[in-house]
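The structure is given below, and queries will be raised subsequently.
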Amino acid sequence: MTNIIEINNLTKSYYNKRALNNLNLNIESGKVVGILGPNGSGKTTLLKILAGLLRQSKGEVLIDGQKPGVYTKSIVSYLPDRNFLYDWMKINDAICFYKDFFVDFDEDKADDLLKFMKLERGMKIDSLSKGMKEKLNLTLVLARKAKVYILDEPIAGVDPVARDQILNAIINNYEKDSSMVITTHLVRDMENIFDDVVYLSEGDILLQGNAEGLREERQMSIDELYKEIFG
Amino acid sequence: MFKYMRYEIKGTHKFMGLLILFVLGASTGIQLFALNASKKYNDGLDGFGKIPNLLMPLLVLMIFGAFVTALFYIIGSFRKELYEDRGYLTFSLPLSGNQILGSKMVAALMWAVAIGLSVIVYNALLGSILFGFDWVEGVKYVFNIIPSSFTITIGLFIILSSVITLLLIYFAITLSKVSIKNKKIGGLWFIIFLILNSFVNYLILKVSGVFPYYLDLNTFKITGLNSLITKSFMSYVDMGFFVTGNGTTLVNIFSFIFSILIAVGTFLGTSYLIERKIDL
Amino acid sequence: MNFDSNLPIYIQIMDLIKRQVITGDLKEGDKLPSVREIATQLKVNPNTIQRSYQELERENLVYTQRGMGTFVTEDKQLVKELKVNIAKNIINNFLDDMKAIGYSPHEILDLISNRVREGK
């Protein structure tokens, strides 16, 4: 298996605070990796570095062999933990926008996902509810046939029905030859979709491994293990 | 890059459209007001023939106001890109810093031209209806009172200095974001801009002093300042990269080139910071 | 579906399918749902389902036809053996539990024969 993402000695510090502490992590292509940790553990920082929105203080990040930049942005589909679409847009504008900038964007897939999420092209983005925005953002991100998907807290703050829809959309649109990196603190809802998990705390990796292997070895679920580590 | 420019324009067209509409409305008001005033007080008429004296200063003031408003809006939307959530979309697009900055520059300049042109054309049109303003006369008049080399130089000067000003503002905003991640120091960029701007102007002036080689746009000959001074006793105005006096305008070759270098350097510097240094 | 926490999920899914086979919910030669269908239904990573299918194939309980899908084995003998194996497993677990709370094999036999005689 080839590593689509290689992270070597990655450190990110803000003034006196360290957000990431000498991190080493490889992500194989075709894998769904869960980055688990409480708020402030450095999950979002890590994803922002992968997405090319944040620069590391030390160390190296390679995505498909390249440092974060124009190329990696073209193969990474990133779902931030906030509503990032321009406020003047309608859903249709957002679809056109993605189509214009990402050659891997599949408009038919986007339409299928919109239908599945019960959204319509004519809706104005700033009048959508939080759950609908989350679903729209995920629609755009998943409608790309990207090599790497980076999803930051995709099910945080949405109701259980939307949560199910989002999980289904992720599973349905997951492609065998692409990788997903997903952060969450809602481990129980998501643990079954991870191949590998990484427990992150205050910028350090406390534990990482194959999800099934950990279940077998520790005789507990990924969620129980999370509670043991962080509880 | 053109795609991104299109979305730049799409994102700002509502505000700019309203601004233009507002300015045209205000022009109408001003013209009607001037028409009234000229009837009431039998106000003197200036070189255009039948245009009241009052009109021009009011219009110029309004255009200036419109430009300042547009500038603030453009600055505001650039700051939003760096400080608000929309930056998460913009900076995760597979675009280089050059492409992003270039699109923003072109869109901003395009709006400036759109505002300027629409105001001029509309007022000329309205003026021809209200005052019988003669287009051909008007254009002739402009070129008669101002020697064409002067017009060209002023034009160049305005374009170049607006580009540099805008770039310095972008640079200052980006630099303040890169150096201090805290949003609270909101005015920092303005201080950086003021310092940079005076420094750049000082340099341009300095360069023209060190290399006093001028191009005469009438004759396309390279001369020194002496020619201007000896030719007449009239004082001349030194604007850094051009000198004007006695109907002749000379462009300082070195500070002109230097200004262009400053523009290019600021552009590249800003797009480097955008691409490599910004932490959202 | 709720998974037992301390077992790998691919094994639990294998067990689920095995049960369906021996109860007849899935008959010999029946086509299994596609990996993606099960993945969506159970909200489990498709790779995990894939692994379950591979392991089942290794145990010869299912076979894959290229481009057609995965099917339950037509070998009735094998299904029978599977049933016996599962029964053995259940009994083994039961015996372990009973031993753990202090019953002798004899006592266990008595308890069971009484229970069976009483009927439901």
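We just call them A, B and C in the order they show up, numbering each chain from 1.
The working rule: a residue touches a chain if its C-beta (ideal position, glycine included) is under 8 Å from a C-beta of that chain, and two chains touch if they have at least 3 such contacts.
If you want to know which protein each chain is, UniProt gives these names: A = ABC transporter ATP-binding protein; C = GntR family transcriptional regulator.
Values in this document were obtained by computation on a predicted structure and should not be read as measured data.
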**Asked** From the centre of chain A, which chain's CA centre is farthest?
**Response** B
**Fill in**
Averaging each chain's Cα atoms, the one nearest the global Cα mean turns out to be A
**Complete:** Taking each chain's centre as the mean of its CA atoms, chain A sits from chain B at a distance in Å of 44
**Asked** Between chain B and chain C, what is the gap in Å from one C-alpha centre to the other?
**Response** 77
**Averaged-CA centre spacing for the pair chain C and chain A, given as whole angstrom** = 34
**Fill in**
As the complex stands, chain A meets chain B at residues 14, 48, 51-55, 69-71, 73-74, 76, 78, 80, 82-88, 93, 97, 100-102
**Message:** Quick check on the complex: what are the chain B residues that touch chain A?
**Reply:** 3-4, 7, 10-11, 14, 85-89, 91-96, 181, 275-280
**Prompt:** For the complex, which residues does chain C have touching chain A?
**Reply:** 3, 5-10, 36, 39-40, 42-48, 51
**Request:** Spell out the residues on chain A that touch chain C in their complex, using ranges where they run on.
**Result:** 30-32, 164, 167-168, 171-172, 174, 176, 192-195, 211-213, 215-216, 218-221, 223-224
